[in-house]
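Each of the two complexes below includes chain A, the first together with chain B, the second together with chain C.
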Partner chain A sequence: MPTCQKAARPLVRSLRDAQSSCQSVRAIRAFTSSARSNNEAAVESTRPTPVFDPATVTSIKGEKALMKSGIFPIGSRRRRAALKSSDNIPFEQLPYQCFQEARKVLQADREEKLQAIQKERLRISNLMAQDPSNISGGEKQKQIRLESMRRHLEYLKIQADINDPLIKKRFEDGEGDMNKPIYRYLADRKWRKYQRLVIVQRINQLGIVPDCLPHFEPTADVRLAFRKRSVLPGEFVDSRVSEVPARLKVQVFDKGERLVSVVVIDSDVPVVERDNFTSRCHYLATNIPLSPTQTSLPLSQATETQLVHPWMPPFAQKGSPYHRYSVFVLQQEPGKTLDPAELREKIQRDGFSLRSFVDKYHVKPIGVSIFRSLWDEGTAGVMHRAGIEGADIEFKRKKIEPLKPKQKARGWEARHSGPKYSWLRR
Partner chain B sequence: MLLPRLQPQLRASLASIGRAAAAGSSQGCLNEAFGQLSIRAASPVLTFVRHASHAQQGAVNKAKDGPGKRLGAKKSGEQYVIPGNIIFRQRGTHWFPGENCAMGRDHTIYATASGYVKYYKDPEKHPKRQYIGVVFERNQVLPLPRNSVRRRRLGMVATKMELPPVEETTVRTDLVLEGDASTGVTVKQTKKKERKGEEGRNLQLRPGYMYREANWEIGRAAERAKVKVREFKPRDRWTAWRKTTIRKAKNAEKKGLGRRR
Partner chain C sequence: MAPSTSPLFRLLTPLLQTFRNVSSRPSLPTTLSPLSQSKPFSTSPQLLARPSKKQPGKDPRITLIRYHLQHPKTPRPLRLSRMRALRHWTIHRAWMLSRRKRLEKEEAELYRMYQSMHAACEELRTMDPPGSKDAGRLYRIAMEKKGIYGHGGVPIEYARLQTETPGKEPWNHGWTR
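Coming up: the complex of A and B.
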């Protein structure tokens, strides 16, 4: 196969050149399929470095080169190969009658939805202009009706675009504009299909819900990473990796900018005196702006007006059961900021309770990411560098006294228990 | 049994033959009559009669009661238990393991923490199931209120970590004595000659429970030893032939040596 490819290569190239010349403005059709001499010469002299298109790259080499430069190839390799060989005719010009008829149906539906949106907007504005005394039920009923109408408007906005193949394509290519409701809707649906299920399962399995919070329904996607290492929910992370502050990527699926607080809690701090566990705050920052398009949230970048407690590296003393570290993203009330100086005074690291924090400052938990930690070779070094005491403490299981006292040896065993028979007992 | 039932029909047919013979009295008539002969069964189904018999199953044969299996509660409510104590033996799951309890292979409920046994129901967890749990204090109640913090116990003591003493090299084979009684004797260890490319290896305890380098370091061993290998060219028959002849000559030489011995 390679030989025949090699043999055919000049022919293919010349054919391609001929095609390109055909497509040019000066459409002169060459009678021979071989390339013109000046064309050939130009190609050989320049010898451009191959530039890979992320939409059509199929070779492993090209993919690697692209990824090295920070661009990731779009879609699957199979899709890229298909795109490469296709003519990339836009949808409007595709010569399939049934397809075009179907598009017309979709377009008609979209028009209908757009009209409904306009109508709904008008109804909302009309209702807002009305005096609540004229409405049965008064102000409360008016607000309820407005709320339900707005919900319906959002529904219509999504229904207008949900069947558009181009929107679906743009979303799958990762080019969706998160300011538009349809892309937020699609992203939310995708998140709920897998990522949310995983994080909810971890919340239940690791007992985050009764231990940290009484109830919790995550509504935002939180991805956790330390430097380059991304962490899956509930994964065990080496203490040397988690020494640096984490990087968060928080994707919210509802519109608008809001302020959030970020808390990192260790809910398995052993307390030997009380033979119990307590929790500790490893990081606390408030008033961090977040919006659907502004997803990056590196914890090390918190400013003086945001940071309450700086990052304390997670550590688990030797022998203690695994520590659960949960990174909570808490949405503050709209338009309200928390005072970090005041928080610094009031909130201690040791014995931090997320339940009371949530109740006191009226923040709403929207997302969580969880990782776990155990003693490893690097923990002592990490604790030393962070100036934490207690690296030389090892936890050992407390001996539980058996219910029955050990029975005294009888018979043969009693006779052979003396020092004379020590050789019998290894 | 069949014969007596067939008898009347046979008789009738024979009578008909006799009548035919009387009328025609010839060979052909007889044949015709035989052709008309047909035996009709009284009914197509054979009926059998069931007689009284002895039942084989059920309680009739005096069912044997096997030896008792000593099932049931081994620890009653609020009794103190330690981890591993069996609380309930059962066939199937009459009781389910609750707080600080677990279920064994034969559905036995046993304690996983020391404390006091509680028998309880938890309608929020399951509407019908009954659970056995262990609480740390006798006055504690199960089930816990909804969404309250779990009760936990550390069950550990903090001890000072005993660091293993730094291991001294105690190899006595390569020791060299230097100096004499007047100047004082010093013992020096000759450095063991390492193989080429293995200098300064960093051996660590790895998952296979052996002290070795990482795989990527092993892979770089030839590079460190500066071993040069001529690049393999697939169609270079000349080099291949030369190598083959050298190898064959070597083998022949070895064989010759072996024979002489």
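Coming up: the complex of A and C.
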């Protein structure tokens, strides 16, 4: 390439580029021999305010202007410059031969899967139309077959989309539509890879399973936060932080809308008379609608028809061991609502038992989030504001006299037991 | 992936083993000798610092791993941009899919062949009515296993008497005819 061409290349590029308006204008003007100052003054008077694209802005001025308006430029300046000079080909049309061949293979497979889905739908509808007396095994066998066919249909739906790179990208960007089975499947897989393992470990470590429920397999992702502070499973939370009702973010991975109940239980309430612990309900709300797309569940927003027991701030009295607060999300039977007024009468806060609640109202626990609390300097204030008595109580371990009689001090201890060495003993 | 299963570590393990043996030997004399040679004329006793046990220097395994990872012949790690990684993923998925389809097709073809052979033998077996002369003759001929161990061969299992446990001497190397 001759030198003149090499030198002119950036200029040509900037001329070709329609987006970079300011730069190209400046480059063109470099060749004019007319009076520049006049021109520029005239242009500036009529110049419209430049619109900067956050994806392609490269000048410091443009970045500053964007940031002032509250939009932050995307990526690095280097990346933005590269984007500016590229001819934005969509991802699926990128001219790489192997990639295009791979896409063809995947598309052919997808077509096959779509046909299989149609066939399976047809088979399901045929089976549903059949009279159960014609099927060997009768009604029960028909239902079993229908169930397995539906499961196969779900499997096919996922298999049709799982090889799509754009779906993968959209899911990784968090733009997946949770109404579609493939995104729900991907989210579930991701949750099971880390988050579920953590919460299951906390359930076992903190003894939630034998204490609150006989057995429990979480199937929904529950994230807990107080105001802006998100709480990791099993974390110690300051009592001033947990004074306000928690915000829950519940992600379910199966389709459809359902009603849930939310219970917050403290399972370490000391009972001095019996020298034992019991549990207490800190919050109870029912009939809260939940679906894969409707994930936000702020406990403070519960209405009169939902709220049974309002939020009672967690408090651990002085000297008592840490209290475990578990926030359970319980799925109600489809199409059934619970009556909050009736619940308010029947269910007391003190001595609340989740086992009996689950058994009595036929709710199914789907998710849990756990936090812990200890006495801290704010607890007395929290209890005072909530009108709870007992902030002045301090729990102490009962001293148990040893069975063996106390032995006389001997040796060094005997020599230092006099009043002269009282400072040694405190 | 656990480090022990990675191919790089599998390659490094024998090297590490040899180095572990080397490092366990005391290396004091080698460090002393150049110092004593550098001051041959001084008569005062040389007060050398005791080799401190707190800081044994760098771990030789780390040194070795570094050496091999930063060696110019080690290929550089793959660093793909996001879109490129996505393209790579697409190609990989398509390759796995086509390979699985090919394998399934081959398996189905083998199964079909076996089934057709089976059907043919069944046909031969039931061809003649029972009691007739030469009933099932063709079937018996078809079931013969002549020549499947080569011409005039015997199965290798017959080369030695079959026993429950391996012999004391697995192979007699000194045997001559």
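Here is the rule we go by: the second predicted complex is superposed on the first by the 317 of 426 C-alpha atoms of A that agree within 3 Å, B and C clash if a C-alpha of one lies under 4 Å from a C-alpha of the other, contacts with A are read in each partner's own complex, and residues count from 1 in each chain.
Assume contacts are C-beta pairs under 8 Å (C-beta built on N, C-alpha and C of every residue); 3 or more make two chains touch, one makes a residue touch a chain.
Quantities reported herein were computed from a predicted structural model and do not represent experimental measurements.
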For this session: Using the overlay on chain A, decide if chain B and chain C clash or can fit next to each other.
Result: fit
Problem set entry | Superposed model, chain A: greater residue contact from chain B or chain C | B
Exercise. Regarding the shared-chain residue A:K168, is it in contact with chain B (first), chain C (second), both, or neither?
Worked result: second
For this session: Examine A:P310 and indicate which partner it touches, taking first as chain B and second as chain C; both and neither are also allowed.
Result: neither
For this session: Return first, second, both or neither, reflecting whether A:F99 touches chain B, chain C, both chains, or no partner chain.
Result: second
Exercise. Which holds for A:G381: it touches chain B only (first), chain C only (second), both, or neither?
Worked result: neither
For this session: For A:P210, select first, second, both or neither according to whether it touches chain B, chain C, the two together, or no partner.
Result: first
Problem set entry | Shortest CA-CA distance in Å separating chain B from chain C in the superposed model | 17
Problem set entry | For the chain B and chain A complex, residues of the former touching the latter | 80-83, 85, 114, 147-150, 152-161, 163
For this session: Quick one: which bits of chain C touch chain A in the complex? Just the residue numbers, please.
Result: 83, 86-87, 89-91, 93-95, 97-98
Problem set entry | chain C contact footprint on chain A (complex, rising order) | 91, 94, 96, 98-99, 101-103, 105-106, 109, 163, 165, 168-169
Exercise. Given the complex with chain B, which residues does chain A contribute to the contact?
Worked result: 207, 209-211, 214-215, 270-272, 275-277, 318-320, 392-398, 400-403
